[in-house]
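Naming follows writing order (A, B, C, D, E and F), and every chain is counted from residue 1.
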Amino acid sequence: MKKIEIITRTFKLDEVKTALAGIGVKGMTVGEVKGFGRQGGHKEVYRGAEYQVDFVPKIKIDVVVEDDFAAQVVEAARKAAHTGQVGDGKIFVSTVDEVIRIRTGETGEEAI
Amino acid sequence: MNFIDNAFILICAALVMFMTPGLALFYGGLVRSKNVLATIMQSFIMLGLVSLLWAVVGYTLAFGTDIGGLIGGLDFAFLEGVGMDNAGSPAENLPHLTFMIFQCMFAVITPALISGAFAERMKFPGFLVFSALWLLLVYAPMCHWVWGGGWLGEMGALDFAGGAVVHMSSGAAALCCAILIGKRKGYGSQAFIPHNLPMTILGAGILWFGWFGFNAGSALAADGLAASAFVATHLATAAAAMSWIVAEWVHGGKPTTLGAASGAVAGLVAITPAAGFVSPMAAIVLGLGAGVICYGAIILKNKLGYDDALDVVGIHGVGGTYGALATGVLATIGAEGLILGNGHQLWVQFVSVVATWGFCFAMTYVIFKVVDATVGLKADDAAQDKGMDIAEHSETGYQW
Amino acid sequence: MNFIDNAFILICAALVMFMTPGLALFYGGLVRSKNVLATIMQSFIMLGLVSLLWAVVGYTLAFGTDIGGLIGGLDFAFLEGVGMDNAGSPAENLPHLTFMIFQCMFAVITPALISGAFAERMKFPGFLVFSALWLLLVYAPMCHWVWGGGWLGEMGALDFAGGAVVHMSSGAAALCCAILIGKRKGYGSQAFIPHNLPMTILGAGILWFGWFGFNAGSALAADGLAASAFVATHLATAAAAMSWIVAEWVHGGKPTTLGAASGAVAGLVAITPAAGFVSPMAAIVLGLGAGVICYGAIILKNKLGYDDALDVVGIHGVGGTYGALATGVLATIGAEGLILGNGHQLWVQFVSVVATWGFCFAMTYVIFKVVDATVGLKADDAAQDKGMDIAEHSETGYQW
Amino acid sequence: MNFIDNAFILICAALVMFMTPGLALFYGGLVRSKNVLATIMQSFIMLGLVSLLWAVVGYTLAFGTDIGGLIGGLDFAFLEGVGMDNAGSPAENLPHLTFMIFQCMFAVITPALISGAFAERMKFPGFLVFSALWLLLVYAPMCHWVWGGGWLGEMGALDFAGGAVVHMSSGAAALCCAILIGKRKGYGSQAFIPHNLPMTILGAGILWFGWFGFNAGSALAADGLAASAFVATHLATAAAAMSWIVAEWVHGGKPTTLGAASGAVAGLVAITPAAGFVSPMAAIVLGLGAGVICYGAIILKNKLGYDDALDVVGIHGVGGTYGALATGVLATIGAEGLILGNGHQLWVQFVSVVATWGFCFAMTYVIFKVVDATVGLKADDAAQDKGMDIAEHSETGYQW
Amino acid sequence: MKKIEIITRTFKLDEVKTALAGIGVKGMTVGEVKGFGRQGGHKEVYRGAEYQVDFVPKIKIDVVVEDDFAAQVVEAARKAAHTGQVGDGKIFVSTVDEVIRIRTGETGEEAI
Amino acid sequence: MKKIEIITRTFKLDEVKTALAGIGVKGMTVGEVKGFGRQGGHKEVYRGAEYQVDFVPKIKIDVVVEDDFAAQVVEAARKAAHTGQVGDGKIFVSTVDEVIRIRTGETGEEAI
């Protein structure tokens, strides 16, 4: 199975979720993160002191899917998350050896 | 001069001042966290901007020598002749300065109320200019018409503490602004969920507390009338908080904390024009209606689809209008409403409602268009995505 | 009628009203974030529910014409005859409405205090019914007994601002409820850590501020006695905040912020019955004791193992009891306590303590059982896991 | 005795008391979240510690029978002879207890103000000892000099509500402490960004509200002068909030929410010595200057590089000094400043500034060194990394 | 070495931690996440407008352990996190190439 | 490509970021986590009742880089995050099969 990590803009969460659910993804796990990249950060000013805040808020979505479904998920996520502006984020795909559903004890693709 | 009344009204003025930070929190908790500071700022900075304008020219436009029932003259510009004694004071029992500063606090909160309508998408410089013009061109005349010797007061319109001057005026302006500025980016597709409801409840608590200064203080004396207005305020608010949560409960949901807070504010708004004219039991009736009606108004808005972000129209516009009309029905103290057989009062109230909505909507329209065309008002999509805190103020509300 | 006193008591009433949102925050910060709104709501909504009940029938049960020393008659039902002048007012110097609304604020906060005992596991509909019954069947009689011409007052029990009426009564009810409702899911195995202590401190600050209205206002006049009660309140509170943190420090931990806030509330509670009867130095002594004793009561609770979630018993029950007895010892102003050789007063205080605990515990027991059997009170495990905010109100406190 | 004034000053005392929790929040929001409770505690606990010290010996050192213009005698130790009537009261119109407790609230907030300078790195036990000594050895004498019959007051120095006693003294102490305690770990390399600005705004709102008690209450009567001081306070604050955000806007940044809040506090500080001596328009001028000057002082600090964490020097030290001098220029009510041709007043103000800074800085230096050498003051790097909340209080502000 | 990611209910954190510590796990890293899955979300109501909140709060626990210890860790976590109701969560197992302990610079299994 | 997960002390975020940026890392993603390990937790006391809090706040930094850059990144992170005290944290290295840049659709090393 493959784990697909999608780093995207916070306001894209709904669109990506809808897109993935649309092609049949049944579950995902989302976390709040801060990203550093080409997009650059922004300036904040407190009582005249400027701070360069390099980190911008992003959302990280983890989805684990069957091997041969992965490409489709990546494509759907990419499209939904795309704005074309710097800072759109990245998708990382890696291999998962085993998946277990806690409720039933099922393993492998059944458990996804 | 009466020093008891002076003591009472000075403390009431402090209470009313405290309402504006209260409103800032009430509104601040309702927006998304990336807009919390910008929202708070649009209330808080009114304490600065409006107070200065009021001292320089606002007060005299409202309470200077009447010119044709429409506006005050410039006699008190720069607070000339507004002193420690009661010389020239519209309230003979109070030092002129006391009367002026009590009124100042009302002027401060009114434009702050409007800001809920265009929350999460208004640029700050334009907001300042809009608010300054609105204060001088809408609030000051309205205030003059009702309390400063102008035509509405002369006609006999009842407005104890600002149903028309404060709430209908800001509600009408809010409707106009919400329509003109357009929706927030993502409206209809994204969920706009309050980011910090305890902050909103705290704001509602402060508003309730400060409103005693607003309404009881509007008796301008520490007498039995002040006690009566105090009691009416409290009971109407209690009733509206209850009727709102019952309404949402019955309507198929659950009673919510935000509903209780919103109902309380709706009750405070609706009792404002009536506070000194109605009995305790009439206040309860009035409040029960306020909770249900304002709840209904907000359900309706969700269907109409204009983006009045924090429901200024539904609460202040509708609540203030309802309260003004209800005053014409329920008044029994120092005035006679429909229940005492005086249908004329209701007619006068109706006229004042129409005049207020018409005048305020139209003037707001003009001011908005002018400021939009010159300074610019709406933040672009990129700024909205970033959040107004970073975009307009280079700050963020919270850090981890 | 005295307009100075009217001005003073109206402002005091506003201060006491502000205590209830303060309590909402004090309690709200102490629970887990998934229960913050439900907890806040159980205080806030008392401003609605109790105020209405009070106007309709509560006030007259407490202050109507005495019937056998036990309860007031229905003469003031629907606030009939409660007007802007002092006709019929228990306080001759005040408009009857002023006296009524000042008392209303006390009635509001008392059932709100109890809610800390069953926090994080009480269903909302049952809570409303329980609180309504409790107000009418426990609070109103207690209030009548002590201040409305009932037998406790007649007997000479000293209770300046509500040690028995407000704090012992809610403390006894809290103990009863905590035992009857049982523990929160996970009690003993999970850690129940306050989710937002700055919110709790803010609440404590508001309580301290509002309590000046509570205690100094209970002089019912702006005289030297009000000043004395004000000073006693402040110094006892200061002393208890210090003695609590010293107690926890010595007891092997560290001085904590929550300890300072809790000590302050304990001091406010304990000085409440005594405020107008003791000298400043006696107030300090009383306060020093309050911090240590209430801290000890909470340590004890951790051993006894009933789940009084937010320590209402330890602070209001124990603090109120201690304060009532200490009043019998330390009274020197307008009354004579043990230190002036009057052992009888301590005996009277003791009787009032036993009567209050007995009556309130027993009545609460009956009310709880009846409501539990009909409407239902305890949220099931699934709801507790989800959090009461979602389960009961379909809301969450915070969003990211 | 005047009961109107008693009512007014008791309420004002409550308002001033509320400022200390307000300050706790103002400061608490500005630090990093791991230090929020420790910071709040350093304000909140002053309500405990200082109030007790004040009753025992502080009040008499400030207001006891004058000894050589330098300090009060011990006549009022343990509040001996401080009673419900006006016997011995420095304000004849007030119960002695009322005067004492009003002054107590000023004493409470002053050492709390200093704590902003050494925020995020001060150990709690040392802090308590430092504050206790500072209260008795710096505040009490300062208070005596200005208001208790001491030499500064005799000399004719104008300080309506505590520009020297409260703000310059704490500002001078803050500078001394910031230099002596040294920088926070990571200063210069890490960013110290406020963790919760809505909390800071709330604090600023409470401070503004309470400050009406501080300044208008300092008239010690509910007269026209109180009204005048009230108005001056409000307008100067409004002006400073505006001028601060304009200054930061022009200086190349954006107008910020923290700027508006900081400007408001700067305005409140600067108008404090002047409140009862200046006209409304002079107050606006004074406030406009305050916002710009204090903003400049903070920009300067960022260059000088001592770590006054929350800008106590820039706001209270500089703002208080500026206000004292501006009073010497702008006074027209009950005193004559430079604009009425009285250059002498400015000279007297200048002397009082130099004396206050010199005395407070030097005494603070000695106290700091003694406490540091005995009890210890600075938290080590490990504790700073962990956060002072865990390190000093075994608590954390927030839980998920 | 294996990385075991456990997505579980928030209130199960303590039980899972205790179970893992019980069989000898020496370290773990925990994050707050929001999950989307069969469990469905809940309704929230604000002023009469209803929102379907699809995401429920979950806890994600990352544990890295030696290869032949992994099965035992998975089993212990599964048991501790189990309630049998929909929404119990998932366990994902994947391969980690290298582990470094920052304090000592140790690598491989020593570093866990 | 390799994914490098760095668990470190919260106040080390800036130093690690600067170190990585210094050797040419162009992007990273950061999350707030709580760690359990040898460092142990701390005691919290509320009204006399003590709680043992086992979890300490940590920062998790994810960086995805080219295979042959990984060792250098690990070394730089280790140095920057090092204090020598228990609790410095861990670095986990694992393999990423694919990377996609959402903005451009680029894949593989180009996308990093």
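We adopt the following convention: a residue touches a chain if its C-beta (ideal position, glycine included) is under 8 Å from a C-beta of that chain, and two chains touch if they have at least 3 such contacts.
Computed from a predicted structure; not experimentally measured.
Among the remaining chains, those touching subunit A as well as subunit F are D, E.
Steps from subunit B to subunit F, taking the shortest chain of touch contacts, total 2.
When the C-beta pairs in contact are tallied for A-B and for A-D, the bigger tally goes to A-D.
Interface of subunit C with subunit D: the two copies contact each other largely through different residue positions, with under half of all numbers used appearing on both sides.
Remark: subunit A and subunit C have CA centroids separated by 50 Å (rounded to whole angstrom).
If you average the CA atoms of subunit A and of subunit E, the two centres end up 18 Å from each other. The geometric centre of subunit B is 33 Å away from that of subunit D, both derived from CA atoms.
Separation between the centroids of subunit C and subunit F, computed from CA atoms only, is 50 Å. Among all residues of subunit C, those that touch two or more other chains are 4, 7, 11, 191, 193-194, 196, 202, 253-254, 256, 258, 394-396, 400. Those residues of subunit F in touch with two or more other chains are numbered 31-32, 44-46, 53, 94-95. In terms of inter-chain touching, the protein chains here follow a pattern that is not a line, ring, star or complete graph. Touching chain pairs in this entry, ordered by label, are A-B, A-D, A-E, A-F, B-C, B-D, B-E, C-D, C-E, C-F, D-F, E-F. Interface of subunit F with subunit D (complex): residues 9, 11, 14, 42-46, 53.
Residues 1, 3-4, 6-7, 10-11, 13-14, 17-18, 20-22, 24-25, 28, 36-38, 40-41, 44-45, 47-52, 55, 78-79, 82-85, 95, 97-98, 100-101, 104, 124, 196, 199, 202, 389, 392-400 of subunit C touch subunit B in their complex. Of all residues in subunit C, only 4-5, 7-8, 11, 15, 32-33, 193-198, 201-202, 204-206, 208-209, 212-213, 216, 221-228, 230-231, 234-235, 237-239, 241-242, 245, 253-258, 260-261, 263-264, 280-281, 284 touch subunit D in the complex they form. The residues of subunit D lying in touch with subunit F in their complex are 186, 189-191, 385-386, 390, 394-396.
By the touch rule above, subunit F contacts subunit C in their complex via residues 44-51, 53.
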